[in-house]
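Each of the next two complexes has chain A plus one other chain: chain B in the first, chain C in the second.
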Partner chain A sequence: MFSQLTIITKLWKASIIQAMEYRGSFMFSIVANFFDFIFGLLQYLVFFTAAKSIAGWDSDNMLTLYSVFMFIYSLQFIFLYPNIAALAEMVNTGGLDLLLSKPVDARLFILLRKISLEELGSLCTSIVLFIWLISKGAVLITAQSILLFLISIFSALTIVYSIYITLTALAIMLEKMEDASEFIWSLFSFCRYPTDIYPSKIKFLFFTFFPIAYISTVPAQTLSGLGSAKPVIYGLIISIVSLLISSAIWKKTIKSYTSAGG
Partner chain B sequence: MFYLKAHAAIFKAYLKIMLTYRGMMLLHMFRVVLMPLVIATAWLSIEKVDSNPYKNSDYLLYYLLVPLVMNLTNSRSVFKFPVSVRDGTLSRELIKPYPPLMSIVIESFSNNLQMLLYLVPFTLICTFLFQSHLDFSFLSFKFFPIFILAVFFGALLRMFISGSIALTGFWLEDVTTLNLLLNGSIWALLGGMIIPVATFPEKIRHIAELLPYRYMLSFPIEIFSGKLTNAAIYKGFSVMLFWTIVFYFTARFIWKRGIKIYSAYGG
Partner chain C sequence: MKISTPNCDNCVFTEELGRDFNIRQKSQGLAASIRNFIHPSYKLVEAVKSLSMKIGSGEIVGFLGPNGAGKTTTLKMLSGLLFPSRGKVEVLGYSPFSREREFLSQISLVMGQKQNLWWDLPPVETFEIHRSIYKLDEKDFKERINELIDMLEISDCLETQTRKLSLGQRMRCELAVSLLHRPKVLFLDEPTIGLDILMQKKIRKFLLEYHARFKPTILLTSHYMDDVAALAKRVIVINNGLKIYDGLLSDLSEKMQPEKIITVILNSDTFPKIEIPNVTPVSQEGNLFRLKAPREIVGKLAASLYNTGLTIDLTIEDTPLEDIIGNLFTENSDFLKFRKNL
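Coming up: the complex of A and B.
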C-alpha cells in the first residue's frame, strides 16, 4: 500500500509539473475559479432579495451551506475529477487494459493518478468565507459541534469517493463519458440547497439510498444549530455502506470487462 | 454553393454516432433537467418577500420550460474546437473544401435536436402531472411564433458567444475555465437559470436586460408565458440582435487573428 501511495504522489508531482508548463493558463484558471465562487455567492445574495428563507434556512445558514458545499466540491475537483474526465479516452484507447495488467490497485490508480490545482481558488475562498462566518458569529462553535462537523465532513468525502467509484464503473460500461464534468456538476447541484426543500419521500431517499444529504446539508446543520447528532452518526454508517457497495459494483464491472470493443 | 448536401450528410452521420451512445444521451438528459428541477423545488419552498411578483404556478411553468429552452440554445462548440486545435484535427478540416467550423456547429445542432426526443416527452409528462398547480391563463398562441423566433436568435447568440470563447483556444491550452466563468457562472446568475430575471430587484434587472445572457434563456420563456408587453418584446429583440451582431464580429475577428498564428500542434 505504501509503495502504491509513493507512486501516486509521484504521479501528482508529474501532473503539477505538466500544469506549470502553461503558467499563464494555470494562474488564469485559479483566478477564474475564484470569480466563479464569487458569482455563486452572488447567486445566493440575489436569491434572498426575492425570498426571506428557504425551507427554514436563513441567509447565514445558506452561506454556511455554500462554504461547506464549495469545500467538498473543490476537493473532489482537485483530486478525483481530472481522472474521470480522462477515463473515456483511457477505455477507448486500451489504456485501461494496460493499467489492469500492472501490479497495482487499478481502482486507486484510475481515481487518483492525476491532480488538478485549478480549483485552489474556490477551495481557499470557501475557507475564507467560513472564517468570516465564524468571526461574524453566524456559525455555532462548541466542542460538540466541531466534533460532529469533522465526522460529517469525513462521511461526506467518503460518500463522494464512493460516487466516483460507481461513476468510474459506469464509464467503463458505457465506454463514453465525455460529459462527466457536467454530470458531476448536476449531481452536486442537489447539494447546493438544503435537502429540507424536497418533499418528505425524496428527502428520505436523499438520507438513505442516494445519500447526498450528508455531503453538504448535514455538515452545515451541525454548525448552524439546525440539526442533531443523529444524522451525523447515520451519515457515518451510510458512508461506510456506500463504500462497500461501490467497491462491489467496481469488482463486478472489472470482472465482466472484456477490453475496448470487446 | 451552400454545401447543402455536405451539411445533410454530416448531420446524418452525427445523428448516427449519437444513437450509438443512447445510454450517454439519457445521462445527458438527466443533467439538463436536474438543475432546473432542484431550483424549482427550492423556489417552491421559500418564504417570499412581498415584492416578489412570481406565484408558485409561475415558478413551476418557468422551470418546466427551462430544460427545453436551455437545450435548444445550447452550444457545444466550446468543448470541441480547442480539442481540434490541440490534436491537429483542425489542420485536416482546413484543407477540406468545406467550411472548417461547420461540422462542429452541425454536431452541436444534431445533439440538441436529438435531446428533444427525451426532453419533449419529459416536459409533457411533467405538465400533465402538475397540471392542477399550473396556471395557463397567461398563455397565448399568438406569442408562440415570437417564442420560436426568440429561441432561434437566442441559440444564434449563444453559438457566437461560445464560438468566441472556443476560438481563444488558438492561444489558450484549456478554455474550460474561461467558459465556466463567462458562459457558465454569469449566465446562470443573469440569464435566469437560478433566479427568473423578472424577480430581480429593479436595478439588477435593468442591468440583466442590457446584457446578452437573459436572451439565451429567460427572454423566450417570458414571451411564452405572456409576461412581456409588446414594447418589452421589441426592446428585447433589439438588444438580442445587437449582441448577436457584436459576437458574430467578435468571433470573426478572433478566427482571423487565430488562424494567422495557427501552426498546428507542435508545428
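Coming up: the complex of A and C.
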C-alpha cells in the first residue's frame, strides 16, 4: 500500500507540473473557484436576512454545514473528479489498456492518478471558515462530538469514493459516459442543504438508498448539537456496504472489459 | 497464482484459447437506430476461435495475420487485459488474468498506436514514474536508463515535452519506458506503425541488439514484413481466429513460394529462346525482363542467360514476403486447399 501511495504521489506531482505548463489557465481556475466559494457563502447569508433558521438549522449550523460540504466537495474535486472526467477518453483511446498492464492497484490508479488544484482555494477557505466557527464558539467541541465528526467524515469520504468507483466501472462498461460529471454535480447540489428541508419520504431516501445525507448533513449535525450517534453509526455501516458493493461491481467490470479495438 | 504444470518450460503457452465479443449490430438510418435502441441486437464474434501455441524462453516470434485476425486480442489475453472466453493460457507460469503484480512486473506491452508517455511532460518525468512503479533503486534505474538512452539515441529529446517530439522520437522513448524494468516477455503490437523507413530500421536494429543482450521472449505483430523478416525466425500466422501456420519463416517462404523471381537486363529488347521447361514470363519493360522459375532450375536458367552473351545484369530474388503471407489468406490459396484436404 505504501509503495502504491508513493507512485500516486509521483503521479500527482506530474499532474501539477502538467497543469503549470498552462500558467494562465492554472491561476484563473484557482481564482474562479475561490469566488465560487464566496458566492455560495453569500447565498446562505441572504437566506438569513429573511429567516432566523431553516428547518431547525440556524446561521451558525448552516455555515458549519457549508464548511463541511465545501471540504468534502473540494477534496473530491481535487482528487477524484479529474480522473472520471478523463476516463471516457482513456477507454476509447485504449490508454486504459496500458494502465491495466502495469503492476499497480488498477482501481486506485484509475481513480487517483490525476489531481486538479483548481479547488485548492475552496478547500483552504472551507478550513478557514471552520476554524473561524470554532473560534467564535459556534461549533460543539467535546470528545464525543469530535469522535463522531471524524467517523462521519470517514463515512462521507468512503461513500463518495464508492460512488466514484461505481461511476468509473459504468464508464468502462458502457465505453461512453461523459454525463458522469453531470451526475456528480447533481449529487453535490443536494448536499449543499440539510436533508431536514426535504419531505420525510425523500429524506428517508437520502438516508438509505441514495445516502447523500451522510456526506454533509450528518457530519455537520455532530458539531452542531442537532443529531445523535445513531445516524453516524448507520452512515459508517452504509459506507462499508457501499464500498463492498462498488468493489464487486468493479471486479465484474474488469472481468468483462472488452478493451478498445483489436 | 503461479501455476505449476509441465508447461512451465514454455514461456508462453496457450491451449485452445478463445475469446468472443458481443458486437452490437445496427442498420443504417434513424428508424433503424430507434428500433435498435429499443431492441438492441448483438452478433457473437469469435475474435479468437481456438489458438494453441508454445513459445520458449528467449524466442522471437512474429505473430502475423490480416486485420481482424485476432492478433491484438491474443496479445491482450496474454498480457492479462482480456479474460479468455475458453481455453488455457499461461505466461511465465502465471495465469495472466489474475493480474498479479509479480507477473505484470515481468512483462511489457508496447502498442504502436497507444502511449505510456505523459503528453504534456518530457519523457524524463514518465521514466521517473515508471521507476517507482517497477520499484527500481536509484543505481539500477540510472544504469538501465543510460543504457537505453545510448541504444535508442534519445539523449536529445529527454527534456522536451512529449507532444513536441516527432513520431520516431516518441516511439523510441516509448520503448525506453517499456523496457526500463527489463521484462522477461515483451509483447510488441505494431511497434513501427507510421514510422518512416529509416526509423523502422533504427527500431529493428535496437530490438535485435536488445534481444542479444537481455534475451527477452518477444511476440511481435507487424504489418511491415521487413520487421518480421529482420527480427523473427519463427512465425505464427492466424486468420479468422485460427492458427494456419506455425514454423520457420524460411520454411514458409519455401513451401508457399517454391519459385524465384529472376530479373534480367539484356542488351536487346527481344528475349532469346531458351530450352528450359517451367519458366514463366512475368513482365517486360523495354530490355528489362522478369521471369518466374522453380528454385531447382534457377541456377541453370541464369547460366543459360549468361551464355547467350546478351545479359547486362541479372538478379535472383525470393517472392516478397508480403505476397507470400497475403497468399495464405486468399480463399483459393494453395495453402488453404492443402489444409482443407488434411
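Please note the rule applied: the second predicted complex is superposed on the first by the 252 of 262 C-alpha atoms of A that agree within 3 Å, B and C clash if a C-alpha of one lies under 4 Å from a C-alpha of the other, contacts with A are read in each partner's own complex, and residues count from 1 in each chain.
The rule is simple: a contact is a pair of C-beta atoms (placed from the backbone, for glycine too) under 8 Å apart; a residue touches a chain by one contact, two chains touch by 3 or more.
Note that this is a predicted model, so its numbers are computed, not measured.
Residue contacts after overlaying the shared chain place A:Ser228 against neither chain B nor chain C. When the two structures are aligned on the shared chain, A:Gln144 is found in touch with neither chain B nor chain C.
In the superposition on chain A, A:Leu174 makes contact with chain B only, not with chain C. By the touch criterion defined above, A:Gly95 lies against chain C but remains apart from chain B after alignment on the C-alpha atoms of chain A.
Counted by residues of chain A touched, the larger count belongs to B, out of chain B and chain C. In the overlay built on the shared chain, the residue A:Ser256 is in contact with chain C alone; chain B does not reach it.
Shared-chain residue A:Ala50: touches chain B; no touch with chain C. Once the two complexes are laid over each other on the shared chain, residue contacts for A:Ala14 go to chain C alone; chain B is not touched. In the complex of the two chains, the chain B residues touching chain A come out as 21, 23-24, 27-28, 30-31, 34-35, 38-39, 41-49, 51-52, 54, 79, 172-174, 176-178, 180-181, 184-186, 188-189, 194-195, 199-201, 204.
By the touch criterion given at the top, residues 21, 71-73, 75-76, 79-83, 97, 99, 101-105, 107-109, 111, 113-116, 118, 120-121, 125-126, 128-129, 132-135, 161, 189 of chain C touch chain A in their complex. Chain A makes touch with chain B in their complex at residues 22, 25, 28-29, 32-33, 35-36, 39-40, 42-43, 46-47, 49-55, 118, 174-179, 181-183, 185-187, 189-190, 192-193, 196-198.
Across the complex, chain C is touched by residues 3, 6-7, 10-11, 14, 17-18, 21, 93-95, 97-98, 100-104, 106, 255-259, 261-262 of chain A.
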